[in-house]
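Shared chain: subunit A. Partners: subunit B in the first complex, subunit C in the second.
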Partner chain A sequence: MQSKDNKNSSFILFHQSINFFFDGVKYKGFKGDTIASALIRNNINFVGRSFKYHRPRGIYTCGIEEPNALVQIISEYGEPNTRATIKEIYEGMEVESQNRWPSLDYDFGSINSLLSPLFTAGFYNKTFMRPRGFWKKVYEPIIRKAAGLGKPPQPYRTKSTHFHHHVDVAIVGGGLSALLALKSFIGSEYQVLLIEKDSNLGGILNNSNKISKIFGKESSLWLKETLEEISTSSNIKILTNTLVTNYNYINHLIAIEDLVVGTKPLENIPDQVLHKIRADQVILANGHIERLISFRNNDLPGVMLASSFEKYIERYGVIPDVNPVIFSNNSSTLSLLKTLVDLSCKPQAYIDSRPGNKLEKDLLNVIHENNIPLFTNAKIEGCQGKKKIEEVSVRDSKGNITKIKTNKLCISGGLNPDVHLFTQSKGVLIWDDQYLTFKPDTPFQNTIVIGSAGGIFNYGDLGKDIDKKLKFLNLKQLGKIEFDLIESNDFFIEKLWEVKHEKKSPWSKSFIDLQNDVTTNDLRQGIKEGFDRIEHLKRFTTNSMGTDQGKISSINALGIVSEILKKKISEVGTTIYRPPYAPLSFSSIAGRNTYEFYDPERKTPIHEWHKKNGAVFEDVGQWKRPWYFESKPDESFEEAVQRESLHVRKYAGVLDGSTLGKIEIKGRDALEFMNLIYTNSFSKMKPMTARYALMLKEDGMVMDDGIVSKISNEHFIATTTTGGAANVLSHMEEFAQTEWPHLNVYLNSVTEQFCTFNISGPNSRSILKKVFKDINFDNQNFPFMTFGNYKYIDSKINILRASFTGEIGYEIYVSPSMALALWEDLFRFGEDHGLIAYGTETMHLLRAEKGYIIVGQDTDGSVTPYDLGLEWMIGKNKEDFIGKRSLSRPDTIRNDRKQLVGVIPTDKKNIIEEGQHIILSRNYKPPIKMLGHVTSSYMSPNLNHSFGMAVIQDGKKLINSKAYISSSKGESFEVEIIKPIFFDKNNERLMS
Partner chain B sequence: MLIINCPYCGPRDQCEFTNGGEAHVTRPKNPENISDQMWAEYVFFRSNPKGIYYERWVHSHGCKKWFNSVRDTSTDEIIKVYKIIDKKPLPKEFKNKIKTPSGEPKVGSGNFTVKK
Partner chain C sequence: MKELISSNSVDVKSLNLIQIILRSKFSDNINQEINSIFKIDLPKENLKINIRENIICSKSSFDQWNIIDLLGMSKNIDTNIDKLNRNKEVLVTNFSEGQSYFEISGENKVKILNKITHFDFRKKMFPNFTSAQTLIARVDCSIYNLENKFLITCNRSFGNYIEERLIDAVKY
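And now, the complex of A and B:
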């Protein structure tokens, strides 16, 4: 039969029609409709294909618990797995069904249904194992094509934002019990935040007909008055359209708010808000969820949970079918029956698994008054139909089968308190024998659970229970609340998890997890194969592992398992519900922290000059550094680097080294501290001199290097690598505070206080002489590794004679405000001397020609100073420094450690590639012994051939011998192993 | 996310802090005079108990101060925070909270969801 509008519903604006598209076909709904309610209004029930077998699936529920009706919103970046039961329609919305190809009606993948014996429990682990090699070539491509939920969305820039709340009380849920609790907070001293996932408050009052009057008033009137009363209280804040997804430690809640309910998201306007809530007290009032019953083909479109059916009538103004069949095992279906009858819709039959003499009087009265066919002590055994239910089979207590023609079957297998958030908070559950379900028992945090979420299903107890639980807050008491109910006061449920199959065919399946296509037989098979622990069985069968986490079926699975194992359900236990409660998109988590806001970009004061002069930048940590400079538009990376490298050694070049980390060390005990932190000894060092220094971790491995300048025994400045600055400072802080708190020493990052220019090359001295006319740069007066304080215009500067290129060179430290002026001055005076700006790649090439290491490129956290040939940097006479003792550990004094060497090709035409392996024979076939690998390699314009640095086993002993090196061409070639220094081996240029 | 009570700044979100591993692992006074074994104990070996655990934190996005704390690793409850210079509180201060290797509280460890 057909659906019918229920114009009594006040939530749907029937005068405002909305056009939307489902799989390309235009339909009409009304303002307030969800995709699901609008489709039901149009008699569309078949909305998707299942995950594994591609069976036809329909709308099963009316809320967040929906396992089947997942759709893709084409008009919004193709967001997949959107619950049709939640998402409201808007004009022109485009919706597509999922898991079908080429179309919903003719789906190629439904062939999986015929292959279903292949897809039983554990199929991922077993079926595709043999024959060997088939996985990669045959199975995986097929599964990738067929499996999965929806397609990934298009890339887009999220406009969501984050919002932090700190409140005394957070109430999760906005239904009847939440509103009752909220009433008692009116005018109190507590700051209260209430979070409701629906756009309307009231829950069960809006979704069903169960409560007709409260204190003698129509329940809708009571709700209206209550909301007005609450709105006058300034201590209460309410978020609607907001779903709490996580309940973390120390009452930290994460909730996602939808700002575009019923409208298309607009450009540049936030569509979602991620709320981060910290509360002293959390009150969970998030209600309950109805569960299913498993029977043959319980997945056919047309099967729907009974309370959802009722919610469509009351909340969404559509009767999904005017003559459904109802199948229940408990008292909760009375209100649905009554609602239908009041709307002159006569159910085709009412089937109750409970014996006739135990049925509620009210229920029997409605049935008899309206001549509804009643089957007691009976069960739906199965249903038949192709893409929808056409007929259901009822089996009575004697085993007789009655067939009833219908398109809609409402089922109720009982009610579960929604315990997800409570278990996320690490609270412990207890089994309830009356309601046959788990309910919250002992909380771990400051958590109170009220209403049906707490297992209180009897409305008469509601007020008393809330008063008791909130007593410690000294609020107004609610007292007894008078309800007029269409609901039995004595809830009675008969245990029924699954109905036995009457007939067997490959297509007949009884599902326990609709989203993951897990059948009750899969559970049996899993247990038979030894997975008798519930957590193991879950992973083996994938039961309750879908995005709905088995919200309508997980208790049923426990029931079935407990019967197979002949254990109590409380002994079987439940799997742990994991956050999030429902999927939230990555875009909401990412918020505004995307693209240029993903990570700060740090630029030096010379950045704009670099840009104007053809710099191509590379990222070093957060810094943008010139990688190389294009001297003409079509110059390639290789050409530029070769040109810069030649030029610096011939004339002069300047590098913007402002990104280098700089740390100031001050205090009475600064000298002692420095001696402990670095391998070098600074005691005999003269003031105003500098030293190349090495820092180890306590395990003896090289951590960082840099230049330490000594101003006095109480004042040092240390440079660090660009990427290591933050680490080195926190390493120093840690030891200063925790191991040597008795030392008087203060550390300060001064990286941004100075810009650093590294000028080097044979002409650098004459250039500086022109820029700083009063400074004597002669070798005797300004030797290598000394520095001085000078003035540039009005600003203090520092010049240090040091070099990372092997040429004569100076580092100039200048305040950022004067940096660009000085940089431009350098070029004005340097023009005649051939000064160029060079980038990091040329710096790397030039330092490698000299065999200078880069920490993090030539080292990897497993390299000692000895491995690098840096013995000379170790203060032998020092009693102690970080890492010293580890340099005599059995592992660090091993003979066969990997050590740094240089490699050059015997045939100079060959090119050494970074990362290639050093081996001992020309012809190789894996596996082969590998001595080590190339850590740095470059084409040297100064040597006119390729060269590399490598760490290889026993490297020092192999110096002056020959070995082979692999290449990306698949052939090896011969290399000479030499000391890791390739250019100006006697440092004549450096000292000149 | 935990709330950590910095002894200098007061309670702050965990994201402001960096964990520094086990506390009260003191650097040996005379590294040259101790055995490889003892040195290795200091450099590499840390305890990993279920229950009472002394650990260090640094308020890295705040006052940058290091401090010590006592955390029950089975529930993540931070029982005490104290300054580096303060004395190590004895385990007996936290009586009934020390767990055997396999024991854990009935609520809060996340290992039990159902009351038996």
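And now, the complex of A and C:
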């Protein structure tokens, strides 16, 4: 039989034809068609292969609940697993079927169908256990290759964006009940956001002819007037083509909006918006989903849910088949029957599992008036056909089988409230004996469920129910709503989850979960094997898993399980419907946070200069810091660092140290505060001098270090490590505010208010003398660890004599607006003195030659100042400081703790690497005692050999002895353990 | 001032402003000192902004106020800071150059910001002449509601990134 256009549908623009391709063949559809409706219009019903058995599959539904018709959109970077039932076509769209090779008709994988008696539930778990060695090299690669639906899309740059909403009320769904609720909010004080997945509001009014009139008006007219009325209300915002996929905690909804419905996505134009919605109150009006009935070959192309069949007629203007067979167990199929008859289409048969005397009078009238063959108390036992239905077998109450030739079978197994979002919100469900389904009962959040989503299938109750549930918001009351209905308000359903089939062949299958290829026999087998808890059974059989989450089948599965276990369905319970409701692409989740926006970047004011001068950057937190500078294009990292290190020791170098944390501390009690925060004592320190300072955690372990500059007893500036800046400030704030609120002290981060340039090397003084002609940099006037305030052009600068390289050096603090000018001045005047810019790696190497630690590299949160040999930094006479008590614990004072030492290879050809273990014996047979590990190591161009710093057990005692370093190659080499200072041991260069 | 983008009923500008941060307990004395220099009172209510001509003063925590010159013209700012800092019990810091400043105005200003921040811009949550600290494009920012425009500040090092994100949000 053939499909036929229903030109009465106002949603399809029949005058606007559209060409698209399916599996390389060109077809014609109309503007407004989905891929599915367009394929049906072209009599294409076979659209894909199933997940496991590669069985032929067709279009089963007409919406997001589609389990079968998942396709790949080639013209959109090959986006896979797109539901053909919701994606609109556009001119030139290229669509491919999935899970088949080489073609849909001749699929190599369909051999799985022949082997299907082997692939029962738990097949993978049982089969691939043995032989054990096969797993990695045989089973896993094969399974990985076979797994998944569709092919990964091509890489492309996402164009989707994000949008955040804060509203008083969010209404999910745009159907009849949502619109009724929305009418109550017109002109109210509440900001309301309604989110509808379709491009049109109205739901059942567009998809079915169930409701002919509302308040005496044609339903389409009532809808038009209602939408006009709503559009005048400024407090209401409506999002169409937007699907709510997640209901998170605190009424937080995630929804995805398709901005390119019916058009090809364009370069640089956003195609999707991920909406993040926070609402005070969520109203779920997301309707219901029809469920299937399981019977033999109920997956053949041509089987379709009855309400979907009707939706194709009403909403998409295509009658999928003019003479279908209808099979139902409930009252809901009357409207389909009537729609077909009104369009002069006569169903071949109407099969109802209910007894004849229980059928609705209206239903019987239509059937009799149109001479439609009726089978009551009868069931479809199975379907026959290869790639489509060719025949159905009807079994009557006496067991007689009647065969009917047909290509389309419409089935209805009952209606389920769409409870996925409600359960995501942790709401509790309750079993409804009248409608044989679970419906929302107790919300966990501020959730109201209305309409069929709440289990209200009787239209007469709709207005009253909405009024009751929204009463607390003090809105306009809807009162009783007058409906003229095609079908009776008294819904009647007979329990029917599965029809037992006649054929005993192991290849005959009655499916419960079409997307995951789970059969009713799989459920039985799972229970037989002991998986009698519904959540266990779900995982053993994969029923209701994946992106489908059993939308059209989960209740049937519960029904079947309850019968096997001889329990009530309410006792079996439900599985948890997992978010997202429908798949979201990673690109929509990422939004604009990709490529250059992947992570926020922090740049110093000299960043562009660095880029122009060959800097290779490293990430330090979010900062971009020059790691090293390439002096020529083919210079390697190692070559650059060796060159820079030699050069700084010989001439001069400048480092952009702007990223170092800087904290201003001021207050009447600032001195006491600093004495408590740091281990050092600042009491006797003279104003305008500086000191290397150490900060401990309460457990006595080193937390951070830096230079503290004392302006006065009431005013200090402290520097911190780049990575530790934020932590140190909050640590100080916490103690100032909570532990020592009696102290008058205030803190401000001034990290970004100043740029810092660290110039060091033998020529650094000469360079600064040229740049700052008025400042006397001689040793006597400007000794080590002193600082002063000066002027540079029109701005204030500070210069501190300090060094992290061991060379004579200065730190210049300058405002960002003058930073580049000063930096360039340094080079202008420094050119003759061999000044170069150097990166963080050279800084690390030079400081290690001097044995200066880096917190976080040479420490790991378990190192005390004593372990580092920094006992000289502890103010012995200080009454208290953070960590003081912990430094006298037995564990922190024992001698055999891991302590910082220096290591150099006896044979200077050997290279020490960071992370290598120090062992006492050359013998390299495990188990072997590890003394500790190398924390820093470099190839020194100044020493001409490799060296390292290490923390090793009882390190201080082992100084001047030998040990061994184990390499990853399984060898060891001898090293000398020395004091951790390798260069200019008497600080002559530093103090020169 | 630099116009970054003007499109879709939104204008985004980057500004060079003068800002100081005052850390202190509230007292009539310190309020008078501030008033004598900037002719503005310190707000007592948290997150509230006082405004006088081109000067705004916001209270951003129990012991912190931000004073911003919206025209960036305050003269002798360092002298004034030094003067205020003579009081040993307060800390006044020049923050002008440590921050980047952006002005967002136009009918769609909230719509654009909603793309890059989860912050709730509803009038009842963020009334005129209040300020807040929040994440914009995952960067810690302060935002000042100046009735017909928003002033956004962030650490200077993030300035380029925020500038690009704002332009991107207007474009897409």
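Things to note:
The criterion applied here is as follows: the second predicted complex is superposed on the first by the 877 of 992 C-alpha atoms of A that agree within 3 Å, B and C clash if a C-alpha of one lies under 4 Å from a C-alpha of the other, contacts with A are read in each partner's own complex, and residues count from 1 in each chain.
Simple rule for what comes next: contacts are C-beta pairs under 8 Å (C-beta built on N, C-alpha and C of every residue); 3 or more make two chains touch, one makes a residue touch a chain.
Keep in mind that what you see is a predicted model, and the values were worked out from it rather than measured.
In the superposition on chain A, contact of A:979 is made with neither subunit B nor subunit C. When both complexes are overlaid on chain A, the residue A:753 reaches subunit C alone and has no touch with subunit B. With both structures placed on the common chain, the touch criterion links A:270 to subunit C but leaves subunit B unconnected. Touch criterion not met for A:501: it reaches neither subunit B nor subunit C.
When the two complexes are overlaid on their common chain A, residue A:738 makes contact with subunit B while staying clear of subunit C. Once chain A of one complex is fitted onto chain A of the other, the partner contacts of A:464 are absent, as it touches neither subunit B nor subunit C. In the superposed pair of complexes, A:880 makes contact with subunit B only, with no contact to subunit C.
The residues of subunit A shared by its contacts with subunit B and with subunit C are 278. Across the interface of their complex, subunit A is touched by residues 21, 23-24, 63, 78, 85, 88-91, 93-99, 114-122, 125, 137-139, 155-158, 160-161, 164-165, 168-169, 172 of subunit C.
The part of subunit B that touches subunit A in the complex is made up of residues 1-3, 18, 20, 26-28, 31-32, 34, 36, 39-40, 42-44, 56, 58, 60, 64-66, 75-76, 84-85, 106-110, 112-116.
By the touch criterion given at the top, residues 159, 161-166, 191, 268-270, 276, 278, 592-593, 596-597, 599-605, 623, 659, 664-668, 714-715, 744, 746-748, 750-754, 796, 815-817 of subunit A touch subunit C in their complex.
The residues of subunit A lying in touch with subunit B in their complex are 248-250, 252, 278, 423, 426-431, 438, 441-444, 570-571, 573-576, 698-699, 730, 733-734, 737-739, 741, 879-880, 884-886, 889-890.
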